[in-house]
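Look at the two complexes coming up: subunit A is in both, with subunit B in one and subunit C in the other.
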Partner chain A sequence: MKLQKNELLLIAAFVGIAMFVIFIALGVGEHWINPLNPSSDMEVLILWEIRLPRILTAFAVGGMLALAGAWFQVLLGNPLAEPYVLGVAGSAAVGAVSAMMLFPDSTLAMSMGAFIGAWVGIAAVLSFSFLGATRLLLAGVVLAAFWGAILMLLMALLPERSLMLAYAWMMGDLSSSSLPVWSLLLVWLLALMCGVFLSLSLDKLLLGERHAEALGVHVQRLRLILLFLASAVTAIAVTAAGTIGFVGLVVPHLMRLLFGSLHKAVLISSAFGGGILLIMADTTARTIISPAELPVGVLTAMIGVPIFLYLLLRRA
Partner chain B sequence: MGYCVRKAWFIVCFFCSVFPAFAGERILALAPHVCETLYAIGAEKDIVGAVSYCDYPKAALKLPRIGAYNRINVEAAIALRPTVAIVLNIKTPGVSKLRQLGVKIVPSYPVTVDEVLQNVQMLGRVTGHEQQANALVSDLQKRLDKLTSRISYKEIPVFYEIWSDPLLTAGNNTFIHDVLRRIGLRNVFGSLALEAPRINVESVIAAQPKLVIIPSENRDVSKRVIFWKKWLGEDIHIITVNPDLVHRPGPRLLDGMTDLLNQLEGLKL
Partner chain C sequence: MLDIQDLSLRRGNKILFESLSAQMQVGQVVVVLGPNGAGKSTLLLALQGMFPCANGEIQYQQKPVSTYSRQTLSRIFTWQGDLPPSEFGLTVGQRLALSADAKTRQSIEDALQYMDLGLLEQRALGELSSGERQRVEIAATMVRDNPIWLMDEPTAHLDMRHQVDCLRLIKQQSKDGRLIIAVLHDLQQAAGVADVVLLLDGLGGATVGDAASMLTAARLEPVFQVKLTGQGKDLRPVYGEN
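Right after this comes the complex of A and B.
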């Protein structure tokens, strides 16, 4: 494949695939609606007010998670890293569930809680950023366990009726994001642009910190920027859709297997690929046992794992 | 003399342990509907402990709490020296320990309207208040028959919004499904073999309900009315119901069903 050499071609190819997937995802649902020719006003309303916002939210959130995953994998020098590895999802969940206890009938309060919680988690992690990659990872994992324990405590105190919302949130829920879709797409675009801008430094960082320094990269500053960027993007994704696992871990690896490990290609393809995977997962989640729905987190793993393992085997 | 007293005491104790009904049980009522039923059949004096949400009648709020719906504090429970524990689900953590410690476990999990009546009778037997229980059952049965004969409409398609975010409804083989059926409504998601399926707005639109029932807890009903009018049309009927009356399989169920029927008759469906 020559796509990784020419990023405009790569972007064009991904835009094409994304458009196609979005078109199909718009059409399927409770019943098929032709997006180009809806037959009634109600169908128009369903297409543009129920399906489209959800699909675009899935795209933006999936892309952000994949980007954040790719960044964390370089930053921590660990292929197992994913957006939630440093406990940002845990602290966001603590924030969301606390908000749920204080303001039981406000979705907005829950999103605010998640957002604030995510930033508390980020602040905690940032204060360890001077540690090397391994110790930072260790600190993050321990913090994640800490947030997990607090979450369990809150869940034990939460009244039964609020648990449904808490569980739905923790398994990922794209149907009721309280952040406007355009803002998510904007964040996605900004993140992608930052990614492309930083990609050369990231490639150098991959050679090891000392080599990167020698090649003129200010490693300490780059790590801080990267940590902040990846955490911020994760925080917004978590606020919009709860914790959706697996996309952030598997998509960057998938893209490396397909396009090699130069970061310009990896980041561009992750931003699109993550979005496309999450649209596919969410569309399956809302249609496969229709009229009932499955949590989207179930599907990201069930679709992502086989593709990933297949590519892994083929490479070996 | 002392010997005689002791002997007599021993005999009393012996009989008490052999025929618990004579002694009066010491009951743990571990679900709200159990608590309500025991009060309704006059067995409230035998209740020694309850769980959170046992909030009706008001007097039940004073009962010692020994856990929540999902967990029982075995130590606190045993300290109350119970002889019987009436539980919703025998798999609740703590229940098997209670059984090992010699407490008789009685499951009570009615999922249909008829089973609610049978459950009242069963609890009457267990607690030795059969007479009151039978009287209550025949009263409930009479009210149920009267209610059934009042129903003048047929199979109105209804959407029951258990929860708004995430949007949850009642599936097949659930208590709510049966309650709806008994007052002549057709649960539009009644064919789903899930207890509380998560669904999306699209499916509700496609199911074309004529009526939406919203339990009046934890949500802004006026917002839900605006929401459903937008998606299901201005002529959709929306009523609210007190969830404690229709979600709890207890003796107040008929109050809830009567309330629903009164509201339905007011709608001219």
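Right after this comes the complex of A and C.
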């Protein structure tokens, strides 16, 4: 199978899988509803007004996180990098919790807080972008620890009722996104297009910054673009769904194991694969103990880890 | 064609060398010698505009290197430097294709064959030994059809046979019309290929001259602080008692 050589075939295959997964995810829930033949107006409402937006949000957020993860991994030259590694999630959480203190019971305020917080985090990271990969990573990790400390401080001051809400947000929650679905899908598409456009430069960056530069890549400029893109996409994903771990770390590696490391294939497959994984995780999270829900971050890890380890072992 | 005028390089506060002037032509092999930390690798970076000159200028065809675009420079200079990282699982074939900039399947085939890598094309870089990865880097230099090769210790990690292949390649390619500037540490290898020797003494001094006049005990002993014996192509350091 040489899907990685033919982008259109790769995209077609992933669109097929995504359609199938979306179809199943539409059907399952507290009650099974046949998406092709809903039996009442109520069921129509549940399908198209409740389940579909949530599924598409999961798809877009999962894809964005996987793309951002792939970008951060090549930008920092470190396979352990993930979207939250430079502290963007931490600063977003600080923003969300601050908003919670000022405007309790407003999910919109919380999203706004997360968004603003994420951009404060990005600004902090961007000011270190002139550093080399290792130092940038170090700066990001230290910044993340700083945001973590502030978060702990705020959490200690938070009333108990808000505390549960804050925890839920931090473990990822796709049920209450206040960003419209179409805007998330648009960002997903734009991010993927930027990624594919940059893919040859990104491939060269895999050889290290000096090799990339010697091969004609404007490394400083690429780093800045990449840092901005990856952070912006992360900020939007976090705003929509809180912090969902694991997708951004594991999906790009999963796709490298399946399709090799050239970025055109990695980015296309990550954008779809991350989305599909998150739909599966979220569908499981909302059905397995329904009507209650599990945090989706728990499920991403529980589904992603076995698949990843299996592929890793098979390769060895 | 490559003209170094009164060049000084500085890393941090340390002056690597000062006032280096040299003119290099197509068809020459220039060997850069000097102790560790003298600025040999940095010189290779500066030549292709990837390290700032503290003073002086480097010109390619009468125009300062700094005025060329990154893209253009990448079509003039080929750089063989550190082994690229292997964490992300690039294969040998993919790595060569990145240097070849597409459309040159034949040049990749030739390079694979010359560096004896035919059987390794589909293997990931991380699965290879350092010597094999070094051969991939030499092959990557070959697939990029540029007039100037900047080679940073091309024979490092290589076994004897591939060292010979590599040096033969350098000699042949310079005859075919390239300028090759190579950092080497082995005197025999230097003597075998060098037309011109550029000596950085590690104390700020830089000297250029034809190989015969540069590769002498009198010149090299004080710089490397070793005892040398023999002459010409047999010049070698003294180990132990004799």
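FYI, the second predicted complex is superposed on the first by the 316 of 316 C-alpha atoms of A that agree within 3 Å, B and C clash if a C-alpha of one lies under 4 Å from a C-alpha of the other, contacts with A are read in each partner's own complex, and residues count from 1 in each chain.
The rule we apply is simple: a contact is a pair of C-beta atoms (placed from the backbone, for glycine too) under 8 Å apart; a residue touches a chain by one contact, two chains touch by 3 or more.
Remember, it's a predicted structure, so these values are computed and weren't measured experimentally.
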item: Partners on subunit A (subunit B, subunit C) - clash or fit; value: fit
item: Degrees between the directions from subunit A toward subunit B and toward subunit C, using C-alpha centres, nearest 10; value: 140
item: First (subunit B), second (subunit C), both or neither touched by A:E82; value: neither
item: Partner chain(s) touched by A:M164 [first = subunit B, second = subunit C, both, neither]; value: first
item: Contacts of A:H31 with subunit B and subunit C, given as first, second, both or neither; value: first
item: Which superposed partner A:V217 touches (first subunit B, second subunit C, both, neither); value: second
item: Which of subunit B and subunit C A:R286 touches, first, second, both or neither; value: first
item: Partner chain(s) touched by A:I50 [first = subunit B, second = subunit C, both, neither]; value: first
item: Which superposed partner A:S261 touches (first subunit B, second subunit C, both, neither); value: second
item: Lowest C-alpha to C-alpha distance for subunit C against subunit B (Å); value: 40
item: Overlap of subunit C and subunit B interfaces on subunit A (superposed complexes); value: none
item: Residues of subunit B touching subunit A in the complex; value: 53, 68-70, 163, 165-168, 171, 189, 192, 194, 196-203, 205-207, 217-220, 231
item: Residues of subunit A that touch subunit B when the two form their complex; value: 29-31, 42, 45-46, 50-51, 104-105, 107, 160-162, 164-165, 168, 173, 175-176, 286, 290-295
item: Subunit A contact footprint on subunit C (complex, rising order); value: 45, 48, 50, 70-71, 73-75, 77-79, 81-82, 84-85, 87-91, 94-95, 98-99, 101
item: Subunit C-facing residues of subunit A, complex; value: 73-74, 77-79, 203-204, 206-208, 210-211, 213-218, 256-257, 260-262
